[in-house]
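What follows is a set of structures to go through.
Next come two complexes built around chain A: one with chain B, the other with chain C.
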Partner chain A sequence: MSFMQPSPVKYACSCGILNPINKLFFCRHCPKLRCGFCVCHEIESHFCSNCLENIPSSEARHKKNCCANCFDCPCCQHTLSARATTVPVVRKADESKDGGESGSDAAPSPKPSAMPTTKKMYYLSCLSCRWTTRDVGIPDQGVATGTWPDNECLYQVRFNTLMEYYQSVVLQEKQEKQEFMRRKAPKQHKFPSLTDRTGLTVSLIRRQIGWNDKSIPKTKPINITPAEASAEVEPLSEDIFTQPINLRNVTTVAQRHSQPADQPTAVNNLYPQRRSLWIKRSLRCRHCEHNLIKPEYHPTSIKYRIQLFASYHVPEVVMVRCEQPLQPGQTNAIFLKFTNPTMYDMTISILDAPPADAQVNMDAFMQGCRIKEEAITSSPLLKATGVTLTRQNSTREVTREVRDLANATIVPLDNEFVLSQRDDSKEFDEDVQAPIEEPKFIVWRKGNKVLMRLQFTPAAELQTGDEVTLGFYMQYTYVNTVSNTPDKKEPTTHALYSRLFIQAGEIAQGTAN
Partner chain B sequence: MPMENNIKILPKSVVCEESTLRGDITFSAGCVVHPSATIIADAGPIIIGENCIVEEYATIAHRLADGASWDASNILSIGSHNVFEVGCNVEASRIGDRNVFESKCFVGRGVTVSGGCVIGAGIQMRTVQVLPENTIVYGQQALQREAIEKQGSQTLQIDFLRKVLPNYHHLRKPNYDPKKARSVV
Partner chain C sequence: MPLYETVMQEKPPIVLDIGNAYTKLGFAAEAYPRKIIPTEVVLTTTGETKRLFDYVATEQLYDQIVDFLQTIFFKHLLVSPKERKFVVVENIFGQSVIRETLARALFIHFDVSSVLFVPAHLIALSTLAVPTGLVVDIGYSETTVMPVFSGVQIMSAFKDQSYGSSAVHDEIKRQLLATGVKESLLTPSVLEDIKIRTCFVTSFERAQAKPDKETTPVPNVDYAICDDDAVISIAGSVRETVYELMFEQNNERDSLPHLILRAILDCSMDVRCALVESIFVIGGGAMVMGLMARLKAELQHLLANDSYYAERFHGDLQFKFYNTIGKQNFTAWLGGALCGATDLIQTRSLSKETYLRNEHVPDWSNLCDNRHGG
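Up next, the complex of A and B:
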């Protein structure tokens, strides 16, 4: 419904950031809302978005996160596609082979006796800006996935020596640190060996025998020539102020950035760029380290193995309309549609303050998680030392206060209402169920959807054109089907709440009273 | 303004009957005009060169300027081997050879398209300008670049269309043969 435009209904994530429901996740184990900001992002797989080839992460690193076969247009950054031309090739070796420049209008071979055969040649071409590899003089290739030249930049050798140097520096520092640690804290053996007492070390003995030292030779970083700054700058060419610039021969900033190694200034130095790989991400809750999103491994698949989107677990609220034009200080009503996405009935209440008794089962939940952790750390010794084998969180969970945007007061509902379970087959039911006694605020109900009317008053000091934002707490019962403890198998029901903010619209023209 | 349409179709060209043609239009040999293409010659005659393709919903218009009237000497000449792709709208004042007008592009009055140019899909050109040879206009920001060589001709496509279009559409008969006309004179 609100696919392209931003949704007016925002949910407060447990980290305090407001998001529409389609950007939120729901951790069933915590159970809390999570957003992209408060989960761990992990790379699941690398793939090329053009050829959809899966590339292992080690290979991806080796290839500098670029696809081996696909190229981007250096001119407009679209994907290049290989095009075939038939080129006549003259059998005789001594014949000149220059007929292959353009396939269509190649002259017939001079000797009719020499059998002209055709050969397929490939070049890369951009379907958007019609750039071709012929534009910069790259010769056509005999195979479609040809050996296109890797554009080695001028400083490649320098880059490589610098990289080698710093790698060896890192290695040396690591060795020195290890040595230092060994000297500082010598190994405490239970039974001191003879050599320890006599001062005869292994290296001493070896030297006495006449062998060479066994210790690893210290890696010395190879010398590099430091970069030198010079004040001499190439002078501008003579005609810089006299000749008009042809902007077609000058590259754009985007074109220079797409070719960072040499950043050409002229268009005849643009070369096809290897296409960057894409990744599939899996998301993990920082609190309980359970996976929230785990995509299927294969690049062609868009499905998930684990998908805990909030819209599968949390009732969705859609703003339908306001009853009257918004006026400051005037009582108004808003129609909200609630949808239950789960297979269990939900009891929902709308409150203007956080429910006091909610989230009481948090401790019980944490207990459940802890039991699971202890099952992993099976060794009693480890448990005694307080070492847990569970992976440490790389980043702490940051919680922030939810910024209260509301500038309207709502009238909380005096009683709760039930949102029935989702039943796809019910959509097609013809018979209308007998009207049951409904609370006054419920306007309409069908299946797992309820349209309700919520009264509110925008603040009196709002001006014309100001955005009116409602804020309320929605408490809902959630039936958790996963259980952390092995003994409890039946689903447990929790009363959870989320904080919602709804942008009802702007204050209408006209005076309030 | 001519009272009636005067449409000359030279042999070997394929002009579908469902196309909208208005005014004085001459199709040279080997042109292909798809159904529901529109060619309007309000201000003066339009002469279309050899082996042009006018695809569906393409519009080529030679419109009247404000206050002007039909002028038989105000000819819009379109060169050979041009391709007018689906839904393009071309009102250029002169068009050379081997140009490609991609889908949904708009070329306004006062634009002179020389030769070997490509107007990218969806590009709007409204200011008076001259496109030099082999210009390619592409992308959302309508960047221009210069191609090394002219766009290849669409011979294969034209041959295919010449074979396929008569099977499914009524054609306007070629009504003008230059050889015969010469023999008459």
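Up next, the complex of A and C:
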């Protein structure tokens, strides 16, 4: 597979977007192709990409999605690393003793107790741009991680006051509205209450009994000092007209935005930034809510617990070459290599219209799925409590029409062919395949691969340099090993189809006619 | 995520301010945005970077918004958008197609539980705890002026002009090209960097004195373009004059001070005095050195010397300005974060159920939504 360049073979996803097969997933339960656009993304776990520590989601939220130990360089956004230095320290007790004994002595006498002990101190340094925490005057720390001071937000107190103020204002508004609604529409009780008849109100009765009033204290919005407008504005410093500026001391936009709270303009206000966490994502089919991709929990593992990539289930089509240079309106042939990734034989047919019976099969399959869901939710306990465990499937599947790019007509194959199962051991076998009767269009066959020849005609109105795109439907049999109903154990076979588009190339120079 | 966590704990609403150049994103009840990112999408098909609001068909805009929101949620905020509440700070005169498409992406693709649209000018004023102010937003593509009195936006007095940061970028480019700098060097990011790091708004006296009197020139700057290994010299005059397009004196009378004065004049007489004394300048374009001093000097000058304004403004008026808490470029976001922290998020939001009923975002300019009694 060509990794670096976009593949010329595109599969139409069930949502209608074209993708190469390596970007597609295959939901075994639906069974349909899915792409990154039409699946539901979920966050599996948070981790720091530098120290590879797994951080639980509640802690991640508390730490504002930042790693507690790792820092980014404010200058170049690279990771900072802690550097150790040794600094000599003189014990405090000895120092004071020395001071008492020989006050005017400039050099303290070298006593064995005052041996210069060394202490490890740490500072952070960027290995990419050589920025260090010493540049901005952050003192070295005694421990490598955990003690670095956070830069505080200057207006946090004011912000908190504003927030409390608005919360109380909104609360008061809400209470007044409720009070208003209560007065406007008095509750219609089924039975007239005593207080209604006698004209006594609850508060009156309470007062007669001698209880204190129960009325809810009205919340008053807390006082806030509104901001003061001033006629004084910050003047432009006169230096700017005379002093040359040193661009090395002025921060760039990226540097400012990486520190959104204060956005310093001078480099000596840059501050190490806590490193953002990364996430592992799991993907879920929107239709049946089954997981398509579920990574392993641990950050150091790159494996999956569930991986339903399309290239494990759907025959892969690779374009090999065209037989002749492409000319408008002239019959040509393309060589396509089909590979079966599954452990079961596949029967493939190439069509130019969607197969009629495929839809019926799909509906029958969906019916099977529904029965299974029913079985789960209809347990008597759940019914009694009225709790439904199934998630509310409110996410709609939004499908769009597949954009028909094809500008060539293909000659559909008159009969289907079999793509044998994948067998890794066969790769090393001597080629002892008995020559069997092959349809005409098959060029060669080896193991689970088939090279075939498909005839097509580019549209006559194409110009030189236009891209020729072939479109066809590939029907294939897929053996589903997922059992949907508990009684049925043996795998079921479905006839599925995908729509494929192949960019065959450009119309060649110099038309023959 | 454990079940109790999702059930017991209210998740903080996400606050988004999608600007033309930069998007501010974060959570409600936090004092500053988590990230400020360029409003750009990387196309999955070709891998090229593209501005979010450059589109041909609505379908394309939808795809781009989905891609963009996807990166916001999974690369920057690291939360699942499903069943979350949102505060979206919006331009009140923004295109409804963008608004509708954003709502469609949020509700249908990301399955969010509610969205609260708040107008940028009004909500920015809430960071001051004052009800009245003349909000001037200097953004990327335009500069807008919106008077707000007692918490009500005076829509009829709204003014806007197309000079914003992008116009300044074009001006820098024009002036540098005239000095013989190769055009290939001046990419948008380089222009922005030159603007941010070297340019400033000159003082009123210098701007007035320019044509006749010789002034000491501003020192030149040698600017190194990292990507191309080239050094270009930026003349002092470029540094000083690129922002002049906001203060240009012409017969159109549409420079920034004129815009502010005309917006005040379009308001009724009783509120004018209050507005004069409460000018609030926000937006990323307002962060340039010297802008406020120049604006004040220009306003006072026009008031005293321009006969049109002298006839209409009376008394000893003194323009007063508010200082933002935090930086100007996320003031509107900050207002959204304050709003999202209150109970308004429960009562005023557009919920998913309401949206799905007829897939439409209520809009103040739409008569269907403005009728009383539905």
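One rule holds for everything that comes next: the second predicted complex is superposed on the first by the 397 of 513 C-alpha atoms of A that agree within 3 Å, B and C clash if a C-alpha of one lies under 4 Å from a C-alpha of the other, contacts with A are read in each partner's own complex, and residues count from 1 in each chain.
Throughout what follows, a contact is a pair of C-beta atoms (placed from the backbone, for glycine too) under 8 Å apart; a residue touches a chain by one contact, two chains touch by 3 or more.
What you see is a predicted model, and the numbers here were worked out from it, not measured in a lab.
Considering which of chain B and chain C touches more of chain A, the answer is C. Contacts of A:428 after superposition on the shared chain: neither chain B nor chain C is touched.
When the shared chain is aligned, chain C comes close enough to touch A:224, but chain B does not. Of the two partner chains placed by superposition, only chain B is touched by A:267; chain C is not.
In the superposition on chain A, contact is made by A:129 with chain B only, not with chain C. Once the two complexes are overlaid on the shared chain, A:75 sits against chain B while remaining clear of chain C. When the two structures are aligned on the shared chain, A:252 is found in touch with chain B and with chain C.
The interface of chain A with chain B overlaps its interface with chain C at residues 252. Within the complex formed with chain B, the residues of chain A that make contact are 75-76, 102, 104, 128-132, 134-135, 248-249, 252, 267. Every residue of chain B that touches chain A in the complex is listed here, in rising order: 118, 120, 136, 138-139, 143-149, 151-153, 155. Only residues 6, 36-37, 40-43, 46, 57-58, 60, 64-65, 153, 155-156, 158-160, 162-163, 165-167, 169-171, 174, 224-231, 233-237, 240-245, 247, 250-253, 256-257, 260-263, 276-279, 281, 394-396, 398, 400 of chain A touch chain C when the two sit together in their complex.
The touching residues of chain C, when paired with chain A in their complex, are 1, 5, 22, 24, 29-37, 44-45, 59, 63, 66, 70, 73-74, 76-80, 82, 108-109, 111, 126-130, 192-193, 196-198, 200-203, 206, 216, 218-224, 277-279, 287, 289-290, 292-296, 318-323, 325-327, 329-330, 334, 338-339, 341-344, 347, 352.
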